[in-house]
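Before anything else, here's the structure in question.
Chain naming follows the written order as A, B, C, D and E, and within any one chain the residues start at number 1.
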Amino acid sequence: MANISTLNTTAAGFDAVSDQVASGPRGRKPRRVVSGRNIMLYGTLFVAALYYLLPLYVMVVTSLKGMPEVRMGNIFAPPMEITFEPWVKAWAEACTGLNCDGLSRGFWNSVRILIPSVVVSIAVASVSGYSLANWRFKGSELFFSILIIGAFIPYQVMIYPVVIALRELGVYGTLTGLVIVHTIFGMPILTLLFRNYFASLPVELFKAARIDGAGFWQIYFRIMLPMALPIFVVAMILQVTGIWNDFLFGVVFTRPDVYPMTVQLNNIVNSVQGVKEYNVNMAATLLTGAVPLIVYFLSGRLFVRGIAAGAVKG
Amino acid sequence: ADLEVTHWWTSGGEAAAVAEFAKAFDATGNKWVDGAIAGGGSTARPIMISRITGGDPMGATQFNHGRQAQELVEAGLMRDLTDVAEKGNWKEVIKPASLLDSCTIDGRIYCVPVNIHSWQWLWLNNEAFEKAGVAVPKDWNEFVAAGPKLKEAGIHPLALGGQPWQANGLFDTLLLALGGKELHEKVYVEKDAEAAAGPEVAKIFEAAAQARELSIGTNVQDWNQATNMVITGKAAGQVMGDWAQGEFQIAGKVAGKDYSCLPGLGVSQYITTGGDAFYFPVLKDEEGSKAQDALAEVLVAPETQVAFNLKKGSLPIRGDVDLATANDCMKKGLEIVAQGNALTSTDQLLSPDSQSQKQDLMTEFFSSTSMTPEAAQERFAEIISSAD
Amino acid sequence: MTGLAPAKRPNQLFRNLTAKIASIPMILIALGIFLGGSLWTVVYSFTNSKLLPRATFVGFDQFERLWASSRWIISIQNLAIYGILSLIFSMVIGFLLAALMDQKIRFENTFRTIFLYPFALSFIVTGLVWQWILNPEFGVQGIVRSLGWESFTFDPLYNPDIVIYGILIAGLWQGTGLVMCLMLAGLRGIDEDIWKAARVDGIPMWRTYLFIVIPMMRPVFITTLVIIASGIVKVYDLVVAQTSGGPGNASEVPAKYVYDYMFQAQNLGQGFAASTMMLLTVAIIIIPWAYLEFGGKKRG
Amino acid sequence: MNNSVSIRDLSLSFGAVKVLQNMNLEIRDGEFLVLLGSSGCGKSTLLNCIAGLLEPTDGQIFIKGRNVTWEEPKDRGIGMVFQSYALYPQMTVEKNLSFGLRVAKVPKEDIQRRIARAADILQIQPLLKRKPAELSGGQRQRVAIGRALVRDVDVFLFDEPLSNLDAKLRSELRVEIKRLHHSLKNTMIYVTHDQIEALTLADRIAIMKSGVIQQLDDPVTIYNRPVNLFVAGFIGSPSMNFLHGELVEEGGSTVFKTHGVSFSLEGYEAEGPLTPGRKVVLGVRPEHIHVDNHQAGAEMHDAVVDIEEPMGADNLLWLKHAGHTMSVRTGGAKRFAPGTKLQMSFDMSVASLFDAETEERI
Amino acid sequence: MNNSVSIRDLSLSFGAVKVLQNMNLEIRDGEFLVLLGSSGCGKSTLLNCIAGLLEPTDGQIFIKGRNVTWEEPKDRGIGMVFQSYALYPQMTVEKNLSFGLRVAKVPKEDIQRRIARAADILQIQPLLKRKPAELSGGQRQRVAIGRALVRDVDVFLFDEPLSNLDAKLRSELRVEIKRLHHSLKNTMIYVTHDQIEALTLADRIAIMKSGVIQQLDDPVTIYNRPVNLFVAGFIGSPSMNFLHGELVEEGGSTVFKTHGVSFSLEGYEAEGPLTPGRKVVLGVRPEHIHVDNHQAGAEMHDAVVDIEEPMGADNLLWLKHAGHTMSVRTGGAKRFAPGTKLQMSFDMSVASLFDAETEERI
């Protein structure tokens, strides 16, 4: 290339002047791996990680110990003798009243509650969020504000009115009723997330679809839904953990044959027979928390991305 | 038919006792569907009430009889059991009669009492006293006197769980045992605020302050954990109702040998009788109603009463059953009831609301030494004056 | 063209009817449950309802009794302490962690998962585990003592004076991960050029965070604030699982007061009065915010 | 009826903000009308009203003689192309094109035929199976146009379709749109704030300011005879030089005087009387100032070069002259160093004179 | 030492992606150097390396003769202005300007003095108490420049400082930056992808492609004598017309032949031998094609007008000629309807000829 040669001539003249300088620092500044900054940084992160991991560690370790060891030893010591007895007991043998089949009974109930509740609550909230973001009408913002304030009302306060409402609808005590309850209480935060997310999508897409003649549902299903994956993941995670961990609604709004796993957990943990069987309690706790934990470990990254899209904007 | 029965009997002794009911009920060709909810009445009650008012009632449910269910009955949500009662001649067999009275509203019977519970017991671990080098106390005063020795030996003198009703119960027990029947009736039956503010009650508060001193350091919540401390010798004694007996029994302890029980804290010969009762919400289906009748009969039947109460550690509701197998403590209780020294419990005398207020006060008082007996008494008098 | 008659404006009610129909569940929930339920609660707080709601009005009796109750006062104090501290600490810790995570560190995903996983666990579980760890016999205190430091005392759950901090430790453990996530998202949303500009200006990192980045993250802080605050008002399970309000009533909170009075003391009126006070507090804090955030500005 | 789109007394407010005010506009069949104006003046709002995406507060809209004020967008016979392309990201190009048709339940073969035709016109056949993310900016823009094309509409609406593209692509696609209009002969309404686009594409340009149309004319008229100061300043880059001064009687004819220097107005076609004493603004475009080019009869003024901006094909000089700074366009070949003294003359026949107060052309 | 900034063998990779490759660049003291290139070619990366915001993989950077390769940005004596302004949003303009100084513990009066000076130069005194949100785009840009100004630096770095602004403001600020350079006489390195900015501002332009500098020259040379096809096509708007053909011996001299039409190369200054048979590309700028303008000795070719684009000051014609489409720039006054037949001639003295294979200029 012609220009490079001209360039080189100027550079050559310069080189003569400063040859000694040219041997100075070059390329990437060398960095010690063990610098003060890194020690601070990773040290702090490590200590924080310990604080967060400690309870999990205690749970796991305790659940693998026998009762005598639990009583004697310290909670942080690894089990001297690993036993899966507490896990078996928690899953299949622990008693509540007359039923001695542990958590296993509640697991499928929880699944039966979880799936329709998650699906319905997300469906309703996403449609509402979409409607709030793209199809505003008179008063829609007001309803939304009420919903948001609703997020602050303690659940206990709403139990009575909800019981009355469900009774009037004739769905009290049914799975349908419970699904409605989860939908109601999931509504504020989910609607907020969906509304913010849909509002962050370009309006032009919506306009283009309207000009193409698509209506409310067509736009929702064919344009918006396929683009809303990140926020659906967030909503799903929130709802799966929320509904799976729910105790109050599960027990107040259903009958014993569909009591969720958390009710069994509560029973196992609270039915003290003599000494608390901490190892069984911990195993039961881990078993109950397994589903949301797995969901988190599998989709943590999507969760963070979705949170960024849905929560921070707006 | 299948009948769902909700209750909060989930501790070892309780669960074993409930199993007796279930067995007997299943024998009638029906099926007991167990709806146990752990965590005590405070967890279970809202669930039960919601279900009943929500229009999806269970077949039968445990309640502390007394005033807790009154409004539900008034709202027409509870089944009238008068017919079953007449058939079974309950009026005759149920002793003391006050039990059935508290199930009776406007002359109709709405619940089935299943046991008699009394609060006024002091449970002692004999071994603990041996270790501390004191004789096993014969009454409350001796117990208090043994306190310092026990402490020296590293034993908690008095086990008191953190649940609010335990502190409340301890106080009521002290009031009846140390203050006597008159004081009990003045304060709780007549709701005499003056008496509540008077010197006699002041003495009770002094005693309560002593109990507070003795109980410091029992870091447990549940009553049966506290009982367990006594069983294992970590604590020397506990003031707890007769249901504690079940725990000792399950732990294989023998009354008189391993442990002692002092009704009326060994000071007084009066006990209050409360107890559990079963209510039957109005069901829509015919079959369920029939099963309810069957259950009501079964609950009162002598055999079930014996089996149940032996396991539960409480007293049966009928005087006509043979309790030959009953142990030492139970027999003491039976004697007192037979002598007619059974009084109505505060649960039935006070509304749950007043009870709660009292409970709040007692929890506060027993949990921290910063509240003086005088201050506590002042508030106590206030509560009594507005009690209903 | 002048001959064309102007078309009539169609009825506004029927415009975008599908959207309105699809919003019916939301409207019903907002009006029927949240608004209706709250109003119902407020109305019945003026009655002397016991076990069942009864429309016998007694004026402000319930409120007078409420504010005379030392348990309520303790509850309010606890909520205030817990609320303020948990706001401050979760913001500070969440932000610090996020700032650390933002330093282009290795194993970012691992650390993030570690900080976030407690959020998947319910308060019941959280309370239980921390009750266990803070248990003076088995937990931290026991361990330290067994190591020879006999006089070491760390029993927050059994000391009425500090029990609320014991609950705070557990609450922070459960919630800071989410805060960190939100903050991290906020940090990542900040224009790279701002960082570069600050470096060229020679502004040290901590100053950049303190004086430039944090003020820029206002919207994130607000979202976080709302999320944390809504959780604080509702704090109930955690207390029940960890201490049941004990020792004594040292760790009582308003939500528990409401619950206990409604269902245990069977004094709905009192419970409703307490919830009305909670609603009122929430409304005072939230309505101005909601108005600013959602009511005032329109989307372009 | 030869008006394709008519806007009658159209007003639109967002709350208290009046965005469009009593607007009237007749667009002829087959015409290419450009709406030009600075950001926020209401161009998109007007376009959205025509498309039916916004409801006017008042007034009526006719398309092909039919009152469509309250019709749904899809029933108005319009197609719209957006600045951000607004392609459905999860659909292939083909699906993007056919979405509207599928929604309208057009028969399969018909859809095929129309897509083939659009793809042919826009030369996007090889892209049909790709997704928007796999397309370049220009290709996306073409697909967006295709989406309007397949719908066989009477009126095309463009909302700044090129402003997201880089300069090179922009000028290429500009030509393509112009060609498309030549071959389709549809009515097209095109919103932009780029005056080059407006000048090159439009049959007529409507210049808007705060929701009011300032001038509606063909590009040449707008460029050479702007009706007011705003239009004059808005159109042309580098923009017109404005000299503030007044009309004075001098030597028997009215001249323009500023900072003690007078300019003869000979050759200027005034629309009203040039009353002496009137405060006026003289506007001269950079290319209508000649430097060092002794034209017959031209009046010469001294000036000094302040800055020179070479732009390849031509140079832009910033001259200092009696307290003004003026931009002058000269050929690219000749260079002037800053500080050079030179002489300049104005071409009054294409200059503009505005009243200083009303800002209207005189 | 009269080189202000020297880049020696600079390389930078992000993982496997080599963004800068062995780059050498000497920038003279007081020079205004523009880095021009399409998006993603590594301009910002280079600038960030000079500023110390990115660490080079290899090579050295000297500023004022000092090796600053490992120095912190603040110690390099540079100031930087960003495309997004990067003002600290919650601080007033004054705080924005002084923040760096206050951190560096510069005495109060000194800070005051420097701010006053910068505000004076940039005429932002009335804005000092406002926050960035209350400023217009142009004002923000000025404040951003001010932030570099107060730091009294040797070298100013600009990263597309004007690309977020609208066309009008852009041309105004361009002039201001040029003026600033005239008065400060600092070294300035300016990144842009807008060729007009490059041409008007630069003392020298470095045209980059994929991390390699293609040509480094003054604007006129770059415009008129591009070293390769890339540079030729990149610079100029509308861009250069390229005709692909070959060199043929005809009538004793070498001519350029395409689609059967031959063009005389008379007047072209070749850098190498014009060997017949060589495949070449002839590049002619639109303004170097003359239509209907019988110049002495010019070879005339027939062409037909395809599309006319009036751009105010001039017209752009798209001509069809023997299988090519060519753009031609004519004066704004004369109009040509599509379909008009006319004659055109090339100005070979400013045309460019490239080898079709190496794409280098011959």
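Note that in this section contacts are C-beta pairs under 8 Å (C-beta built on N, C-alpha and C of every residue); 3 or more make two chains touch, one makes a residue touch a chain.
Here's who's who by UniProt: A, C = Glucose/mannose transport system permease protein; D, E = Multiple sugar transport system ATP-binding protein.
The shown structure was predicted, so the numbers you read here are calculated from the model rather than taken from an experiment.
Taken together, subunit B and subunit E share the touching chains A, C.
When the interfaces A-C and B-C are ranked by C-beta pairs in contact, the top one is A-C. Our note on geometry: subunit B versus subunit C, Cα centroid distance of 38 Å, whole angstroms. Averaged C-alpha coordinates put the centre of subunit A at 50 Å from the centre of subunit E.
Inter-chain spacing, taken between the CA centroids of subunit A and subunit B, is 43 Å. Within subunit C, residues 259, 262 each touch two or more of the remaining chains. Touching two or more other chains at once are residues 159, 266, 269 of subunit A.
Interface of subunit E with subunit D (complex): residues 38-39, 166-168, 171, 174-175, 178-179, 182, 193-196, 199-201, 219-220, 223, 235-239, 285-287, 307, 309-314, 316, 318, 329, 332, 335, 338. Residue ranges of subunit E in contact with subunit A, taken from their complex: 1, 3, 6, 8, 24-26, 55-60, 62, 65, 67, 69-70, 213-217, 227-228, 271, 360-361. Against subunit B, in their complex, subunit A makes its touches with residues 95-99, 159, 163-164, 166-167, 170, 172-174, 251-253, 255-257, 263, 266-276. If you check the complex, the residues on subunit A that touch subunit C are 41-42, 44-45, 48-49, 51-56, 58-59, 62, 70, 74-76, 124, 127-128, 131-132, 135, 137-138, 140-141, 143-162, 165, 183-184, 187-189, 191, 199, 215-217, 241, 245-247, 262, 265-266, 269, 278, 281-282, 285, 288-289, 292-293, 295-297, 300-301, 303-304, 307-308, 311-314.
Listing the residues of subunit A that touch subunit D in their complex gives 202, 204-205, 207-214, 218, 222-223, 226-227.
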